[in-house]
Amino acid sequence: MDAMGIQALTSPVVLFFVLGLLAAFARSDLAIPEAIAKGMSLYLMAAIGLKGGIEVAESGLDGTVLAALAAGIGAGFIMPLYAYWILKGFGKLDRINAGAVAAHYGSISVVTFVTAIEIFELQGNPPEGYMVAVMATMESPAILAGLLLARGAGSNEDQSTKELLHEVLFNASVVLLLGAFAIGWIAGPEGFSDVEPFFGAMFKGVLCIFLLDMGLIAARRIMDSRALTWRLVAIAIALPLVNGVIGTALGASIGLDTGSAAALGVLCASASYIAVPAAMRMALPEADPGVYLTMSLSITFPFNVLINIGLIGALAVMMTGNGAAVP
Amino acid sequence: MDAMGIQALTSPVVLFFVLGLLAAFARSDLAIPEAIAKGMSLYLMAAIGLKGGIEVAESGLDGTVLAALAAGIGAGFIMPLYAYWILKGFGKLDRINAGAVAAHYGSISVVTFVTAIEIFELQGNPPEGYMVAVMATMESPAILAGLLLARGAGSNEDQSTKELLHEVLFNASVVLLLGAFAIGWIAGPEGFSDVEPFFGAMFKGVLCIFLLDMGLIAARRIMDSRALTWRLVAIAIALPLVNGVIGTALGASIGLDTGSAAALGVLCASASYIAVPAAMRMALPEADPGVYLTMSLSITFPFNVLINIGLIGALAVMMTGNGAAVP
Amino acid sequence: MDAMGIQALTSPVVLFFVLGLLAAFARSDLAIPEAIAKGMSLYLMAAIGLKGGIEVAESGLDGTVLAALAAGIGAGFIMPLYAYWILKGFGKLDRINAGAVAAHYGSISVVTFVTAIEIFELQGNPPEGYMVAVMATMESPAILAGLLLARGAGSNEDQSTKELLHEVLFNASVVLLLGAFAIGWIAGPEGFSDVEPFFGAMFKGVLCIFLLDMGLIAARRIMDSRALTWRLVAIAIALPLVNGVIGTALGASIGLDTGSAAALGVLCASASYIAVPAAMRMALPEADPGVYLTMSLSITFPFNVLINIGLIGALAVMMTGNGAAVP
Amino acid sequence: MIETVIRKRIEILADQAQAKHVTQAIDDAGITGWTITPVTSGKGREGRWREERVMGTDKVFILTIAPQEKAMALAEALAPVLTQRGLLLTMWDVEVIRGERF
Amino acid sequence: MIETVIRKRIEILADQAQAKHVTQAIDDAGITGWTITPVTSGKGREGRWREERVMGTDKVFILTIAPQEKAMALAEALAPVLTQRGLLLTMWDVEVIRGERF
Amino acid sequence: MIETVIRKRIEILADQAQAKHVTQAIDDAGITGWTITPVTSGKGREGRWREERVMGTDKVFILTIAPQEKAMALAEALAPVLTQRGLLLTMWDVEVIRGERF
């Protein structure tokens, strides 16, 4: 986390996030209109999906892709299990809230992933394009796992399984990520060149403003929070640390390159705060967003962006035994 | 519709539209905030207006421009007449709804035009810049014609003619298109260079997201629709076919180049779903948007984007006896 | 105001503002969604802040910077004093409204500044990057001064001074401008290159659309206005003229280059219509936005953009005895 | 104890394009003001609508506080066009402070 | 004088994600329609919320006009899930014109 | 039959900038919560306003459900600043389910 970490911390993307945190803690009235924030999040998903698809169109697919997909999906099902166990035991949450939180930590955060890519690219270790597909497929398994864990409570018998599966498979992020990925794959590099100024060149700037907003929202949420205990804060930092190590090791063990192994580490470490909360509101309305959203958005997300991505990047260099030299 | 058509169908612009259709049919909750969609539609109009004005500033105007303007305005007045007759007869609509629908088909769709330009440019037949002015002037005549046809019903005596004329001449799209056209003409290529990254380079990417939204809305509207009969669906496909042929032939006969003749064909084939519905809500509140908006947005618009633009492009190559060779 | 002035008037930025004015006066229904307008104003502040910070990172700071900051802050405290006196005397406003209006004229308008920079750059006299910091620090002093002037009325004893100071120091524009300035300074030119397409290249195009909206709002506001007298209109033109001369002279006298002296003139001449109205709504709810907002937004802003910036630019060339030759 | 008086609160759901006619009718009834709030989507006899802002076919709520007689005058004025223009009008009694304003 | 009839106006504050269940219940109660309006922020026992649109945890108001019996049927249908789903329901009598529509 | 109880529904139209004062007053009155909804435009004695979000001069509706006494306490607390701060306050009786919450 030396030179690389410092370089990451002086990138405008991270600095805008810090500005958002500081502004909110100083109780400034700075705020991004919700429609703009929503639009930016859709833009980021479309752009990252496209970019991944184009890279795959260029480079083709080899055997490691299937391994990476399997690793991602497997991790998505397994991470909620021990998360749930820790959340109920050490975290003292009831079944429903433990299941809801577990789903968040098993799923992924698109923006954490995207920020990590920017940082890994700065460090000379860009992940492969297919990692976007891995990300998209990792959105949903944890939602299923988390609901199964919470369901024992029997509170949602009226929520038909069909409706639930539909939400899991066709929620907005999955559709947009995979759809844009497919478009990028079909259109290929020539098709992309025309839209590059919008989806490519602008990307990092939009990410800056989006992270400014995330900083504002994360800080405000923690200031309004009533439900957060020190135990939950500890879990919200420990889980991304552990999951990050597991994910990176998994990536290295199946033969991913440095950047991709690190990206898998970040996916495992990240916690959803867009797709999963929306699904929980529908499927587990009794769960408390004051718990799951505050943990994932206000603790884990800043921790990942400011510290953990740097750690995971360094770990991946060690574990894969190569990667770009630290500048 | 061979190589050219396929090329068009693999352009990201069209693929995003298809993604929107598919996502909505799969009942995904993907949605673009209304403020963003509205903003994008204003952006597209400003950009296309500017671009047309700059091209005219560069190339100057010759005699064919007046002919093209006259052809467009004339078509705008005449197309609603036979459309109305067909809608009342074969379509079994009452006077008010027939007049409202006829106005939509006589007017134009900016986004269909813009999508066609992207496709014709890919095919090496870019229309002339003045076609943007033709488009802007074709917005309004059909509104007048449609209202005159519906008015016999006498239901709108309280709607003053003055107010109506005002709406027709100063509605948002006409003002923005012609205003931006004038700005482009005044500022010229040097003035434009500074704003090119925004209005030029970004254009196609914004169009992708806008068409994603149009796909979502078109598909959702047809799924919610109660008023659509098979007769109306047939008309919503037949009219753009017929009007496209008439427009292209008209363009070829007054000596327009291949791209411009095709563009006139697309203007005639396209049906409004932004400017005219807004005008109808004001001037003919008794007409049913479940009819006119569903026909123009959910049937004719996808038909034009996915099939008819390709047909018209091929027809224009044949009719003008030249045009770029199929790649 | 000869060749330079005309060149400014044919820049797309100014032409879009004129289009907005004309469209609103013609009672067109053209309108930009509020969320988009808010988003654009945040974008413009972030971009101008970043750009200033990067220029300072490149050029370093010399002694004139402190002088410019002191001049700006001083002017921000002093201008409201004579403005208040004129507004109460000649303008016949009561104490509260006179104080509120005085605060607007002592503070600055980011968009006027940004438009002026575009014009001065066209004329070959770009202001120094640190003028952005001067602008940010000039936002608040006048708010304090105006409130002190109005406070004698004793109406706001329940508004704690602490809350007020907080608003003045941490209002959204100040935080975003200074925050982005700091980010630009830290990230420097290399850090900026990645976000340049978004914050740099797109800037002028966004400014066009924002000014279109400002034109619409300014014209609509004056048409709805009930509270505006000819005396207030006269003041809304005289103050920017006088303040512009004072600011430019101040800039020249402390040794600023032509562009920076002109920029200081424009800052003094401009009247706030975003940050200060928001602050007044909170701290002086009895003051009438029909007076202060209409004066600053509907009279002074168009006057500055269309006429006064050109005058100030010419004055600065004369006063600093150099500057680029008129092209 | 503060004093409150009874006024009618009228809420009218109207197409955005018809809002001008409704506010004109409110002004004509001599009522002091009105407030417009946004509407997202809805369902009625003519089916469901949503995401209509781009197409200019969206709706708004127009609400106004008025004394009984003026409220009835407004309702009378709007009644003939309620169906034709697709308006939906509800009203009820509310307490207001500073009743002289309305 | 125009004639007005009395109907119940029911307003339900619900999570956006629960809106479909509420409108389904309205349809099931045989009520002719409903209208959804946006909500910006709020505070309840579970603390404050705001800026939730991005996270999909935002709320909406669903309002419906119905005759007394249908309104009570709707309230009965929703009562068991009010707490579980975090809904807030208020209703009151309003006068409407063209009462046969509701 | 479900049981409903009567509560006061209070709606306050306030400048966005004054919203914090109003919600503070609601909290001070011991009321359990409030909900804020957006407002688009309006007209009053001071003329028409619209498109004010950019200028920070926009308005919001703040609504709260409270028992009669707390509602009156809130009205008393706000009455002195109603005119000065340009607030508009209406209240009426509504039926709520699970009345113990309010």
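A few notes on this one:
Order of writing sets the labels: A, B, C, D, E and F. Residues in every chain begin at 1.
Keep in mind that, in the parts below, contacts are C-beta pairs under 8 Å (C-beta built on N, C-alpha and C of every residue); 3 or more make two chains touch, one makes a residue touch a chain.
Keep in mind that this is a model prediction, so the values were computed, not measured.
The chains in contact with chain A as well as with chain E do not exist; no chain meets both. Distance from chain C peaks, on a Cα-centroid basis, for E. Rounded to whole angstrom units, the spacing between the C-alpha centres of chain A and chain B is 40.
In whole angstrom, the spacing between the mean C-alpha positions of chain B and chain D is 35. Each chain gets a centre from the mean of its Cα atoms; for chain C and chain E, those two points are 45 Å apart. Residue positions 31, 33-36, 38, 197, 201-202, 278 of chain C are each in touch with at least two other chains.
Residue positions of chain E with contacts to 2 or more other chains are 37-38, 53, 92. Contact topology of the protein chains: irregular, matching none of line, ring, star or complete.
Pairs of chains meeting the touch criterion are A-B, A-C, A-E, B-C, B-D, C-F, D-E, D-F, E-F. Partner chain B is touched in their complex by these residues of chain A: 33-36, 38-39, 42-43, 46, 50, 166-167, 170-172, 175-176, 179-180, 182-184, 186-187, 191-192, 194-195, 197-199, 201-202, 278.
By the touch rule above, chain A contacts chain E in their complex via residues 31, 34-35, 37-38, 41, 155, 213, 216-217, 220, 224-227, 273-275, 277-278, 281-282, 285-286, 288-290, 293, 297. Put simply, chain E touches chain F in their complex at residues 13, 37-45, 59, 61, 72, 75-76, 78-79, 82-83, 88-92. Remark: chain E residues 15-18, 46-51, 53-58, 84-86 touch chain A in the complex. By the touch rule above, chain A contacts chain C in their complex via residues 10-12, 15-16, 19, 22-23, 26-36, 118, 197, 201-206, 208-209, 212.
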